[in-house]
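One structure follows; several queries about it will come next.
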Amino acid sequence: MMDIVNQIKELDNVKVTVQRENRIFVDVDKDRVIGTLYSLKLMGFHQLSVQNAVDWIKEGEFEVFYVLYSHQYKVNVIVRTRVDRDNPIMETAEKIYPSAHTWEREITEMFGIKFKGNDESGKPFILENWKEIPPLRKDFDSVKYCNEHFVFRHSEEGNE
Amino acid sequence: MNNISVDTLIKVIVLTPFVGGLLAFIGGKIHRWIRFLIAIVFSFASVFETFMLYNVSIGNIHWGSLFGSELVFQTNPITWLFLFIVTGMSALIVLFSIGDMEEDKMKLDSYYMHLLFVEGAMAGIVLAGDLITFFIFWEIMSWTSYFLVIYGGKKSLDAGYKYIIMSVIGAYAMFIAMALLYGKAHSLVYADVANVLATSSPSFTIWVVVLLAIGLFVKAAVMPLHTWLPDAHSEAPSPVSPLLSGVLIKMGAYGLFIVLYAFLTVNLAGKIMPKVFSTPVLLYIIQWLAGLSIVLATFLAIMQEDAKRLLAYSSISQIGYVVLGIATATSLGVAGGLFHALNHAIFKGLLFLAVGSVIYRTGTRNLSELGGLVKKMPFTFVALLVGIIALAGVPPMSGFVSKWMIYEALLQKKEVFLLIMAFVGSTGAFLYVYRLVHSIFLGQLPQKYENVKDVPIIMQIPMWVLAILTMVFGVMPGIAMDVIVKGIEFFGFKPIAYTLYGFPAGTAMGSLKVINIVSVLMIAFIASWIFFLLFSKTRKVSQYDNYAAGQVVTPELKYNYSFGFYMSFGRVIKPIFKWSIERVYNYWVDACKIFGDYYMRRVYTGNLGTYNSYILIVVTIAAAAILLGGKLW
Amino acid sequence: MVIEKVLMAVGAPLIAFAIGLSFIMLKRKVVPRIQRRYGPPVIQPIYDVLKLLLKEENISHGIIFSLGPIIAVAGSILAVFFIPMGGWNMLSGSADLIALLYIMAIGSLGMALGAGDSANPNASIGISRALTLMFGYDLPLVIIVISVALYYNTTSLPDIIAAQAHGNWTAWALPLAAIVGFIVVYGALGEHPFDIITAPHEVATGPMVEYGGKHLGLLMINHAFHIYLEIALFVDLFLGGGSNLLEFYVKMFVVFFIMIFFDSVFPRFRIDDAVRFYWKWPAIIALVNLVIVLVR
Amino acid sequence: MEKMTEEQVRTIANMLRKRSLWMIHYCTGCGAMELPPTMTSRYDMERFGMSPYVTPRQCDILLVTGYLNVKTLRRLITVYEQMLDPKYVIGFGSCTLNGGVYWDSYAVIKRLDRYIPVDVYIAGCMPRPEAVMSAFKHLMELIDSGKANGYKLYKKNLAYYKENQRKVLG
């Protein structure tokens, strides 16, 4: 397991932290993500298990992470990058991991992060005629939305 | 027949269509309506003359006017039956084509001329007294029907090409047979031919009958020689296909009837011929060919995607029933075969006219594009429904009675495997017949056929006449049986007992009273309808308010299962489609082409020098032969 | 004499319907018992049919959609008159065995037309499967019908029953034909290995997709008639047809009882495997039987 | 006389409808797992004449088994409208009552009876088969006494329901 960590360390300006026996975090900045992913794939991490995002509203940034897994070494590598929250645009990882295409569509719909190069990233994916801001953002108040659109049943009120 | 004598009437019957054709051609040049008028008048005149000829049977009438050689005519109830089919159907088809054929696209004058010429030729065949007249009108029929087929546009050219080549090959075979007969009998009138064949050696009779049969089976599209029919019928214009498959095929069946029972006469079994299970080997082979064509054509028809090709293949299988019936050589079987010929002409004409009117309105005959037309074309739907019930042989319609007679005859003769094949064919008919009505009339109506209306009246009259005829013959088969039974008696068969509504216990293994079936069905139908109306009313619902597991069905969604309707069944019979007779023919055609290109190029090199040398060599040989005279041999 | 004829004319379909319904009740009671549960009250099918008929609202996709069940029921009532029931052979004098096979096709044609008009692909797939299955089991059916007709040298049902009087049934004389007959009738009723037509999981009850309310009630009545027709034909051909109604009913009861056990055990055939099955084993056995009859 | 037979027909009809309820269970949420136990040998709901059927046209009861998000609500309404008239709806579990654990979710509707009339609710975050059986029993009593007329409500104030549906589905 250690030789893998050393190999990853050799990649240029990459911060590596080993959290557990087979879980390695790799922090990269936005414009070098694709290069890191590509080199990791060459190393043997063929499977992109999950690609999603986290909304750090206090720091004003989105964090996009890719969970890679190698069947050979039985090790998970999580590549994390930070994206500015105001106009979040990133490069698509579709060319390296084809399954990223659908993940990116969902992230665009749920967070509003645009992915250049992924032609379908703007298309509506799950939500039907959704007018509000992307729902998984921290500044979207779900309870307020529910009060506006749905009517709650108060316990004493009978079935009219 | 009091006022005009019979032989002038026969000549008039043969001549009216030809004269009508010419007048229509000339009339067409002057004005459209004159041509229509003449065509209608002359075709209905021939129908009227046929009715004047009812139950008259007369020997040979000689008519010496046609360039030296004399034509011989005769008539008997069987010829009257086929004459009724020919003239009746042609009149209805003329009516239908007036409505159906567009004016500008095709040269309609020659179309109507050929139409009436074909009718005249077929009348001539049926009334022919000797083989020469039979052959002359046979050729006229082949060529005029060829011109009719190629009216259908570009693709029908090669369909017609294949049709005329196979007809010509058949005609050559018949011609050789006639030459053989003439060599022995010096006169080809049916009676002389019969007693020549009675005395001649079995190999001679087999040779003659086989050659004649090849010519007839090409026209009757029995299995090995059937490949022209699907192309010719589906590519021909829509009013011509009912004529082709309703009437033209019956000429082959009529020819077979004449060959088997006019030439070889009824005591066929007595003939000096090798026997198989106590039936002459000739009949056995013909029966097995017919059985084969029933089963295989039904399998092919089930898998078709194009409405007219489906009906063409079904014609092959239904004519198989007619040939099977005629070749059973028992009076019940032959009567069943002839009655099926009459029924098939009627309901197949009805089906082709109905499909033609659908094509007239929607412009396509591809089954997977149509659908849901029952809302827009109710009359055509009813006509097609009557036709398919008759084709499937379900009781209230006419197809049932004739098929029942053929089954009883086969059961009596204990020819069990043929009976199984016939039954398989009939159940298969049920499948492709339902495919036709489902893909065209039921299911979702596509958007582009929203404003389709029903066909104009002039195209509906023929359909109504044929539908009523099917029902009448279905409920009261006795009407047709009078003519048929008199006909087979004329040819020496024992008459079968029949009543107006069916067959008493004696004739076949079981008895049949169709009126009971039909009346009880009507009463049961009315009873269940009243029972249905007792309860709460029904609300009409649009075709888009349909079960799709909750999903809303929208018009642009093609929510119809019509492509590859019997795909699952196709997997069962896939091995049968591996070898097809058509590939064998194509193989031979290619072989001849290669032979032609390679060797012929050697002989006809194309430069004048070699041709001069050929002439020189031939002249010298001829001179030497004359000079040396008889000394050499 | 006239009253007796009128009584027979009205009574026969009702008795046939009652017998068919009793078999459905039997099935709804025995199958749960096999699955170790109590099952519905005995007269549950009557409740179902009456509930369907008394539905307040009914929908229809067009005239042919409503006509389909009516023609189906009419065709079945018609066929009832041509099969000898116990002592009564009503009209079976005027249509023999071969005609009977075609008369029974009217009902299926009516239902197929009605279901086709429901403009639903599930219904069309259901009908194409039903017709393919019918084409499948028709081959062995025809072979055994011919062999029985040749064995008794007649095709009229009353004579066949008379020939089987006092004990020598066709089942003992032609055992192979009886086996094939059982398989064919079993398939015609759409019991379990052959319930491809109304497979609820695949094709959402096949042709009955869009039927509801009184249309579905009529179709259930037609199904009861259909069960009666198939089993009555089997009993008349192979088990001597019964001199009085009770004996006739007992024989049919036994036959259907055996079928229920087959029904609750088998998984489902794919449609082309079903046709291959019918054209392989039952057809071969029937042909062997036919050769025996011809040789005898 | 006419009035009386009308009355008699309705009582007989209700008695029949009570005894033969055909059920389509639209498995929207996690409640669908409660139905197999009620159908099989342990609880056997077929004793009451109830059996599962496939298409809405053939069925009387619509079982809404669990949370309903906005997309499935659109399909559910189509299924409800395709059912034939004396139709009843049973809401399974607290999600149909007030949104259950998804009370604050933007996708799940909170009260089913604002969109389609519901005859019987079953409380519990997925009720056990005994609760389901008691609900069926309760529904039968309602039908017998003629009070289970949700479908008449739907017809009477259709505009109210349609307006609510449009507000949510857009």
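By written order: A, B, C and D. Residues from 1 in each chain.
Going forward, a residue touches a chain if its C-beta (ideal position, glycine included) is under 8 Å from a C-beta of that chain, and two chains touch if they have at least 3 such contacts.
Worth saying up front: this structure is predicted, and the values here are computed from it rather than measured.
Engineer: Counting C-beta pairs in contact, which chain pair ranks first?
Structural biologist: B-C
Engineer: Which chain is the middle one, judged by CA centres?
Structural biologist: It is chain C that sits nearest the middle.
Engineer: Centre to centre, by mean C-alpha position, how many angstrom separate chain C and chain D?
Structural biologist: 36
Engineer: Rounded to a whole Å, what is the gap between the Cα centroids of chain A and chain D?
Structural biologist: 40
Engineer: In angstrom, rounded to a whole number, how far apart do the mean CA points of chain A and chain B lie?
Structural biologist: Roughly 73 Å separates the two chain centres.
Engineer: Residues of chain C touching 2+ other chains?
Structural biologist: 54-59, 204, 209-210, 213
Engineer: Would you pick out the residues of chain B that each touch at least 2 other chains?
Structural biologist: Those would be 545, 547, 549.
Engineer: What are the residue numbers in chain A that touch two or more other chains?
Structural biologist: Where chain A is concerned, no single residue meets two or more other chains.
Engineer: Report the complete set of touching chain pairs.
Structural biologist: Here the touching pairs of chains are A-D, B-C, B-D, C-D.
Engineer: Spell out the part of chain A that touches chain D in their complex, as residue ranges.
Structural biologist: 127-129, 131-132, 135, 140, 142-143, 145-146, 149-153, 159
Engineer: Which residues of chain D touch chain C in their complex?
Structural biologist: On the chain D side, the touching residues are 9, 12-13, 16-17, 19-20, 22, 40-41, 44, 46-49, 51, 53-55, 57-58, 60, 84-86.
Engineer: What does chain C use to touch chain D in their complex?
Structural biologist: Touching chain D from chain C are residues 32, 35-41, 44, 47-48, 50-51, 54-59, 200, 204-205, 208-213, 216.
Engineer: Once bound in the complex, which stretches of chain C touch chain B?
Structural biologist: 13, 53-62, 64, 66, 69-71, 73-75, 77-78, 81-82, 91, 93-99, 102-103, 105-106, 109, 112-113, 116-122, 124-125, 127-129, 131-132, 134-135, 138-139, 142-143, 146, 149-150, 153-156, 204, 209-210, 213-215, 217-218, 270-272, 275-276, 279, 290, 294
Engineer: Mind listing the chain D positions that touch chain B in their complex?
Structural biologist: Chain D reaches chain B through residues 26, 55-57, 74-76, 78-79, 82.
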